[in-house]
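Okay, so chain A shows up in both of these, paired with chain B first and chain C after.
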Partner chain A sequence: MSHPIPPGTRDVLPDEMRELRELTEGLRGTFGEAGYGEVWTPALEYETTLRTGDASGAGAGYRLFDEQGEVLALRSDMTIPIARVVATRLGEAEPPLRLCYFGHAYRAAERRTAELREFLQGGIELIGLPGAQGEAEVIALTEDALDRAGLRRHRVGVGDGTLFDRLLDDADVPEEARESLVGCLSSRDLVGLERRVDQLGLDPTTRERLVSLPSLRGGVDVLDRAGGAVDALRELHELLAERGVADRVIFDLGLVRQLGYYTGPVFEVYDPAVGFALGGGGRYDELIGRFGRPLAACGMALDVGRVHLAQAAEERLR
Partner chain B sequence: MSAALTVAVPRGALFAETLDLLDRLELDTADVRANDRRLWFADAGIVTVRPSDVPTYVEHGAADLGITGKDVLAERTDADVYELVDLGFGFCRMVVAAREGEDSLGESLRRLGRIRIATKYPRTASAWFARTGRQAEVVEVKGSVELAPLCGLADGIVDLTATGRTLEENGLEIIEEIAPSTARLVANPVAHKLKAAEIDALVARIRGLG
Partner chain C sequence: MSHPIPPGTRDVLPDEMRELRELTEGLRGTFGEAGYGEVWTPALEYETTLRTGDASGAGAGYRLFDEQGEVLALRSDMTIPIARVVATRLGEAEPPLRLCYFGHAYRAAERRTAELREFLQGGIELIGLPGAQGEAEVIALTEDALDRAGLRRHRVGVGDGTLFDRLLDDADVPEEARESLVGCLSSRDLVGLERRVDQLGLDPTTRERLVSLPSLRGGVDVLDRAGGAVDALRELHELLAERGVADRVIFDLGLVRQLGYYTGPVFEVYDPAVGFALGGGGRYDELIGRFGRPLAACGMALDVGRVHLAQAAEERLR
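Here is the complex of A and B:
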């Protein structure tokens, strides 16, 4: 007799659980030693809370009514709930605040894909430390945590979530054309992007910037080719160099994160042994203010299941 | 290039032109051409797969790059891959076709409030009829789509055509064109970052071929 569980969810048995536990304990230890205190928030939030953080509810896929008729939603990430906590329960705490978490988040996934609807996130939030100082600390700590998890070849991709918007501003691209350009970039359709830019009839230099900057990725030389638009990333690079992790960062001027609350540099974590990002994050300076306490902040979330996959793949290669 | 990059090559209509392109890029395709049944060519860094499977192999990183039709990518919008270059070959069109000389779509829409469409491309078909404001019941079939309107499975079909000959031979006519399609070079998102130099060099050579 078959008793299925919903697609995109899974049971974990002792052998795997032992490895997962070891991984999360390692990450927790690294975060803890760096001064990040662990917090826990409910998996269920009022839907209005998620919508306060992100107009689309941060892509929450599962909602229900409680016995009072209130709409509840399963959280789709940990950052919005933590922003709520910082503005409310920790409202008096002196910044900077360093928080970490391990918890499940929930997103809708298409049935036939292998994507998980419930997945374990482990991450850090650095609140009240603005600019490159904060971002460098978060990136360096992520590198450290993954080193200690046994990965060797991982890289952090760093882009600027506001760059493409600023390029569109500079080029005076009309509002009605912007949506399809941004759509092409976030769906990674560079052929479509070039085609749509060509329809705008821009001067050759502006056209070239809109088409080629989003394809630039690599070392710090990438920043030289982008000029003044990426000063924030250049400052970040200097701080990463001081921390000795600059060569493990890939600057990626086409990097786009799907969530709407990012206001500056954005991150993704890669390992060559697996074909998808292991996690991501970025700077979100307006999010906590939406809950009533304006504070600059940035963070990184790792998908623990994917890091575990990368660990296993790296071990096989060794 | 001793397999610094792995490329997913589509067996099928795009196969010959894809191999010609790889030749011009100085990749060794002799083994691939000589072995009709082998699928995996480690030395050349080539895996041969069904065209519709290319996005799957590339999305999961089993291949760094892949070549497939825009028609496949339009259908697999869920696959998270970079679309890097329009390779220009393999031109064909995604069309709506129905029995010649009959207004079977209009008739169904008027009397039954919906049309029934058979296709191998259910997402493309659903999106097209939603975009053009018509209710459509999309029936997925795996092959010989032309048969569906002839034996009453559907009012019309959404299918890919290069010359329109198969449609014609089956008494069907093209009534709407949805989109043109050509072969595209796609990349895995992680390889696109971690093997940026290799991928950019290959893309530059492809563009240089004109």
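Here is the complex of A and C:
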């Protein structure tokens, strides 16, 4: 008899579970020592809540009706639910707030991709500390947590989630042409991006900026080549250097995060052992305001299962 | 602005979360020291899997369609998924198997009841150790875990999930009359039970057994008054007494558990601080066989949130 589980889900047996528990306890300990208190929110939210956070509805891969006919959805990340908590249950708490979480999130996945539909996220949210100060703390704490988990080769990619939109604004690119350009960028298709930009009939300087800036990737010198458009990242680099954690950072001006609530720098965590990002995050200064309490915020979510893969690969190298 | 969460779900803030983590770490430690290895299964299962375990479909309160049009359901307990794992992924492992788990389960609840729709379960499954030996280990470990969590006044109710059916068989009660009788018993409506039994026109001795046995509740003397029908519980009592853990047990011959897979003794855990059972379980010798690997088994699931309430009440008493 065969009794399959849904594609993109996993059973975890005791040997692996022991390692995963050790990893999550370690991450929780690191976050806790840094003053981040853990919260839990329900896996099921009203779909309207998730759409308040992200109008694209990316946050509602699995929907169902409850007994009252309300549409519920399985959360696809913890950031939107925590924004709701900060605006409601924690509405009186004095910022900055430092919160962390460990919980499963759910995303619809194509049957043939390696993406999981259920995955364990562990992450942090730093609320009420605007600008580079907040972002530097989040990146530094992420690096610290991964160091202490035994990773040696991880890198944090840092981009600016607003940069490409600003370039499109400067170039007066019409709204209807933008989606396919952003699509090329999210799928890292720089050849396709160049072809589509060429069809816009822009002047050579503008065309060059639209094509070349998103392809810039590397150390801090990348920022020098990009000019004034990336001042926010330059300030962030200075703070990271002061904290002594700038070495692991790769500036990536083509980095685009899929979720719709980012308003500034965005992050992704990589490790050579794993073919996917170990996690990601960024600044989202408007999200909590959508729930009624305008507060700057940024955060980072790690995919605990992928961090565990990187950890295991690191141990094999020793 | 109001941004409610679905009724029967909860946000947990850092102070409470810290206590809950401490409680679950303690339970996990107790289970682990006793040789119970933790497993994780997906919150989403194919509905057919849950129905294989419990044909009544009690295990599928929340259903949804995935991208392929398959019907998925949120698990309503961990016992059916673990039965699946034991028959499939652990199909070659030599019994007895000792497994534990910590995960949220989901049940549809009436809007006005205090029942949660999402609740954290922590529990154990002892697979391949039949009869009173297995049940005694599960009850003793549950008591140990609650002792170590600081509870002082908890009790374990023990009944026999097959007793009432056997009495109905002996009395030749027709199938169509049984549902309402069992319904009275599950809702502890002994007056209603008596009225319905009186309508069956049974001889006085048979009538008396049907009405009086389910009302027996108390110490081991209850078993003496019930005669040969409860030999299995008498053997269990002897083993619990040998382990020195019989004092907390209340024999309750009217105890009926709602889930359809129990085949012998059933358990419920109580504490005077909490109006609901802290947990429950029992013997389910046919469940794993439904997934293709016939193995005797029994287990216990604790509602971690309710154990936490009892723990907090106990601390206030000190």
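The rule is short, and it goes like this: the second predicted complex is superposed on the first by the 317 of 318 C-alpha atoms of A that agree within 3 Å, B and C clash if a C-alpha of one lies under 4 Å from a C-alpha of the other, contacts with A are read in each partner's own complex, and residues count from 1 in each chain.
Going forward, contacts are C-beta pairs under 8 Å (C-beta built on N, C-alpha and C of every residue); 3 or more make two chains touch, one makes a residue touch a chain.
Computed from a predicted model, the values in this text were never measured in an experiment.
Trainee: Given the superposition on chain A, which partner contacts more residues in chain A: chain B or chain C?
Mentor: For chain A, the partner with the higher number of touched residues is C.
Trainee: Please indicate which partner A:104 is in contact with in the superposed arrangement: first for chain B, second for chain C, both, or neither.
Mentor: It touches chain C, and chain B stays clear.
Trainee: Looking at A:274 after the superposition, I want to know if it touches chain B, chain C, both of them or none. Which is it: first, second, both, neither?
Mentor: first
Trainee: Does the superposition put A:56 against chain B (first), chain C (second), both, or neither?
Mentor: neither
Trainee: Is A:180 touching anything from chain B or chain C once the two structures are fitted on A? First, second, both or neither.
Mentor: neither
Trainee: Look at A:41 in the shared chain and tell me whether it touches chain B only, chain C only, both, or neither; answer first, second, both or neither.
Mentor: A:41: touches chain C, not chain B.
Trainee: Now for A:218: first (chain B), second (chain C), both, or neither, which partner does it touch?
Mentor: In the superposed model, A:218 contacts chain B only, not chain C.
Trainee: With the two complexes superposed on chain A, say which partner A:90 touches: chain B (first), chain C (second), both, or neither.
Mentor: In the superposition, A:90 touches chain C alone.
Trainee: Please report the chain A residues shared by its interface with chain B and its interface with chain C.
Mentor: 110
Trainee: Within the complex, which stretch of chain A touches chain B?
Mentor: Checking each residue of chain A against chain B gives 110, 113, 155, 157, 187-192, 215, 217-218, 250, 252, 268, 270-272, 274-277.
Trainee: Which of the residues in chain C come into contact with chain A in the complex?
Mentor: 1-6, 9-15, 17-18, 20-21, 25, 28, 37-46, 49, 52, 62-64, 66-68, 70, 72, 81, 84-85, 87-90, 99, 104, 106, 108-111, 117-118, 291-292
Trainee: Hey, which residues of chain B end up touching chain A in the complex?
Mentor: 59-62, 77-78, 80-86, 184, 188-194, 196-197, 200
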